[in-house]
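For reference, the structure discussed in these notes is given below.
In this document, chain identifiers A, B, C, D, E and F correspond to the written order of the chains, with residue numbering beginning at 1 in each.
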Amino acid sequence: MDGILALAADNLISPIILSFALGLFAALARSDLSVPEAAAKALSIYLLFAIGFKGGASVADHGIDTTLALSLAAGFVLSATLPFLAFFLLKILTKLDTINAAAVAGHYGSISIVTFVAGTSVLQDAGITSEGYMVAVAAVMEAPAILSALWLVSRGKGGAAMDSQLMREILLNGSIVLLVGSFFIGVITGAEGLARIESFIVAPFQGVLCLFLLDMGLVAGNGLRKSRKVLNLGALAFGILMPLCGAVIGLGAGLAIGLSLGGVVLMMILAASASYIAVPAAMRVALPEADPAVYLTLSLGVTFPFNLTIGIPIYLALATAVMGAM
Amino acid sequence: MDGILALAADNLISPIILSFALGLFAALARSDLSVPEAAAKALSIYLLFAIGFKGGASVADHGIDTTLALSLAAGFVLSATLPFLAFFLLKILTKLDTINAAAVAGHYGSISIVTFVAGTSVLQDAGITSEGYMVAVAAVMEAPAILSALWLVSRGKGGAAMDSQLMREILLNGSIVLLVGSFFIGVITGAEGLARIESFIVAPFQGVLCLFLLDMGLVAGNGLRKSRKVLNLGALAFGILMPLCGAVIGLGAGLAIGLSLGGVVLMMILAASASYIAVPAAMRVALPEADPAVYLTLSLGVTFPFNLTIGIPIYLALATAVMGAM
Amino acid sequence: MDGILALAADNLISPIILSFALGLFAALARSDLSVPEAAAKALSIYLLFAIGFKGGASVADHGIDTTLALSLAAGFVLSATLPFLAFFLLKILTKLDTINAAAVAGHYGSISIVTFVAGTSVLQDAGITSEGYMVAVAAVMEAPAILSALWLVSRGKGGAAMDSQLMREILLNGSIVLLVGSFFIGVITGAEGLARIESFIVAPFQGVLCLFLLDMGLVAGNGLRKSRKVLNLGALAFGILMPLCGAVIGLGAGLAIGLSLGGVVLMMILAASASYIAVPAAMRVALPEADPAVYLTLSLGVTFPFNLTIGIPIYLALATAVMGAM
Amino acid sequence: MQMHNAKRVEITIEAPMERRLTEALEHADVKGYTILPIVGGSGRSGKWSREGQIGRAGGMVQVVCIIRPERLEALLEAAFTVVERHIGVVCVTDCEVLRAERF
Amino acid sequence: MQMHNAKRVEITIEAPMERRLTEALEHADVKGYTILPIVGGSGRSGKWSREGQIGRAGGMVQVVCIIRPERLEALLEAAFTVVERHIGVVCVTDCEVLRAERF
Amino acid sequence: MQMHNAKRVEITIEAPMERRLTEALEHADVKGYTILPIVGGSGRSGKWSREGQIGRAGGMVQVVCIIRPERLEALLEAAFTVVERHIGVVCVTDCEVLRAERF
């Protein structure tokens, strides 16, 4: 218990979290501080490339173990099924109609790559290794949740349109392509490739992450400021309960397929995190009637900061406790 | 005397200054070389974050000494009073009307963070340490000068509008929030935090500064090319005399509060430098009748290059001489 | 022969080439992956600055040898005459009219700085040094080809307009100014200057190059997707034959002026590569009737990937063989 | 100079719908259009600004088509099927163009 | 398709005044507007371009409002109080819109 | 409010020609113009988008001039000499402006 508190405290005063807090503060105080759109996009390209490449290089280094296929399958199943749990919780906790509840549910089946990255940082600081292919699991989990969300709607009334163009857009989404692509580049070029670009993708990584989280804080803060009305108690409860449920289910999955401690924690984080890039874009096309303020506020304004600050240490402590007891 | 010449020569052939010169040349020769706006803004976010963080980490490391509060107070007073001196000099040296003179005066009370950064580079190369909290002094000095400038106008005729919205915009200006915020992040996370992001904010810093100064050179050159008419002899004289006066006053202030050699030099640089970001934006809102060509040409086209090239070595030599003699 | 295959294979699985391939794949698969324009421009500013500076610093370090002037002259002559060869080949191999053939020819006389940079990377990995001033040769070769192209057109009919404004635009083109300018900064500040910004322009260089080539792959892929019709067999043959011819002529020139192995290879690469930045912009102004799809598809869609993947290893192997035999 | 009557249609639409709109325009045989970026705006669904966005989900763009008056109806119908369920504004202005053969 | 008459008001204004202008529009009960970036321009106060700027001080933006004709006067008055002392251009065009209930 | 008739001229042109166009406008004594960025478009010479570009060669911009009706002809002639051989669209709309003394 002491350990978890110390860990949480340590996490809270890391430059990464404080940069997020600074962005949040600046936005809530209505400062004109802003990161240009092009710069934010460039930062996210850097992060996806670096995380994918490092994952791939680590797979090239440690070899593929037997749990790889199981992990990918587990990721797929989690992404496809968590929306049903989310939908159920939303129907209990909030008054959202079916379309909005389904849209939100889709976000929680999918994942937040920045939360994943922050998790790897925490693991690294704690000296815990993890399976490199968890990056590929992250990529696999981006899309299936969208289909589940649309199914939840079409079941109700016939409104959700999933045409083949949307399908292609979702699967060939820029962040999936970049993550998977750089993962394969890492697998192919291995340790030698990593050595060549290490001082670009490893050394400055945490610093770049700070600036990215500064921007995330600004965006989350602006969102919160504009949509405070969305945040009634039920919605707030969902935004915190759902990641906890997701993490526990992720823990079960991770244990079942025999991941290492680090891998289990990352699986928990993936299950606990909610999308705010790929899924919102798909929802604007397929479910234009759903209110973006609802799903963005929950995903980016509540669950993302929760995971970033308290969630990750809790998941790590939980996994350590459970796996230590086994 | 030899020392100062060597120092000035050394400073003049640093990559930083030569990058500025390259930008200046390219703009004056009407090359189409340009740094995209988003990239320039991203560079300035990087610089503010890095300088703030490093200042804060240095405070966390060396501890807060008793002169901190005095330095902040001195910065506030300098920023608020230097505009009166500037206004007086402008009335003597130029034919600017009250509104334009007041607008220019406001710029010279405030500061240029890039000049400050260049100063810290010179100090670092010379192996001179300085108080980390000088970054906070820089932040404090950004805004008061604006109020003095508006007071100078409203005294004349009732034109200057300082409403509460403008006040908030000035104080919560993006660059102030980022500088102060990252300073506090540095203070909180200290040496440990610095170690984690060092290879992002320390190692590549001077290189990034080169690109930023390339852009500054382009902007200054474009400004000069378009507003040569502004630059009569009186204006030029002001643009060089004012920083020298400011530096001497800054020297006095620094000595009075007992700063180290490095701290005194930075105080001189802050007093000597003129704003070209925060103040112009405020002036467009509060004093739209003032001509931007006048204040931007003076601040960015004359005083900034003067400080960057000859000013900083002079201030350093002066401070060394005076403090050596004490 | 074994050596060259190993080298080519090694080159093909470098992170740089694979990043290009990833971009190409993403564009051809119609993914929405994209690098913001401002970020791409910022990356190219970084590359030009770094490559120019390092070239200059190397000249400052190794001294100017007697072949410098000869190399510059050779570059000028190559750039001015290669378009005639290209025009001749185009008339034989394709059905392009005079205007389009001349426009394409102009591109092949000029150079691609990214191909040059990729070449220096390959040399560096192979532990082969080269003359630092080859960067200056690259700069010299950018423009003369444009004049030859316009002469080819005006000879036919009187359509090509080369006014003094266009002349200035070509010579003061942003990339030339930046490359030459940073070369001189490197020469002036030398090893000391390099030491100060090394961790910005040396260490992360290959990583930045990966992201830049990712973007190049996206652009090349988008271009190819939209202009498949351009690519008949004759055009394809030209796009591969021309760089080979250029490389052989470059080899002769390099040997004649007595460059080192590395220098010869770079001269071959310059002769073999085709422009896709400076020349297209000039052609839009001077030869608006020429179809951009033709010259961009050939230069960026065919010759650039050819050089990047197979060309460079071939040129290196050829130069090694010829110079070893001497 | 000889000018020709035409219509200028300005469609403000969410960025994720851009490709669908331009494809619909192409199907309706619209010969050309120009896409302008938008940095922010406000409407019934609230206020937004480009710098407060992650990804393209929330951004908008403006698609401008200049078209012969007799082809307006076809264009509007094509655009409407895309815009219908989505937020977005369609605004038509009379204009005159040089070189009518291009439209 | 059924079109409705409206006015398209295009206000070119300095970036630091953007927030003030949109707040004035909101007070005047303008239901929607769109903000376009500007990369450069020229006027009585000279020439500028976005890439020659540090900070936002010198940039400009264009605020476009589509509004029912009867509400134009109120909008112009609101805009004018903001634009009055500042550089900027206000330009009004007749237009037609789909879905008039939105304006 | 007192409004004055004017013309709004919108010229879509390739980025490398921008400087030539604005210089021609200045020679024709056009008092002001505003330049808007374009992120993509389509026309007879095909489809393009800003993010698929290296360098400025392929990009376009939109130059908007508001001008007194009697000065339109001179502007169009000046613009036409530049646009003539190049791809680009010129579109003129009637408009009304505040503060006519500025144009």
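Here, a residue touches a chain if its C-beta (ideal position, glycine included) is under 8 Å from a C-beta of that chain, and two chains touch if they have at least 3 such contacts.
Treat the numbers as computed from the prediction; the structure is a model and nothing was measured.
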Shortest contact path, chain B to chain D, counted in steps: 2
Target chain E, source chain C, minimum contact steps: 2
Farthest chain (mean CA position) relative to chain F: A
Chain of greatest Cα-centre distance to chain D: B
Whole-Å separation of chain centres (CA-atom averages), chain C against chain D: 39
Centre-to-centre distance between chain F and chain A (centres being mean Cα positions), rounded to whole Å: 45
Averaged-CA centre spacing for the pair chain F and chain E, given as whole angstrom: 19
Multi-chain contact sites of chain B, meaning residues that touch two or more partners: 32, 34-39, 42, 199, 203-204
Per-residue multi-chain contacts in chain E, two or more chains: 36-37, 49, 56, 93-94
Which chain pairs touch, all of them: A-B, A-C, A-D, B-C, B-E, C-F, D-E, D-F, E-F
Of chain D, residues touching chain A in the complex: 14, 16-17, 20, 45-47, 49-58, 85-87
Partner chain D, residues of chain E touching it in the complex: 1, 3, 6, 8, 22, 26, 31-37, 61, 66, 93-99, 102
Interface residues, chain A side, partner chain D - complex: 27, 34-37, 40, 44, 165, 215-216, 218-219, 222-223, 226-227, 276-278, 280-285, 288-289, 291-293, 296, 300
Of chain A, residues touching chain B in the complex: 13-15, 18-19, 22, 25-26, 29-39, 42, 199, 203-208, 210-211, 214
Residue ranges of chain C touching chain B (in the complex, touch as defined): 36-39, 41-42, 45-46, 49, 53, 168-169, 172-175, 177-178, 181-182, 184-185, 188-189, 193, 196-197, 199-201, 203-204
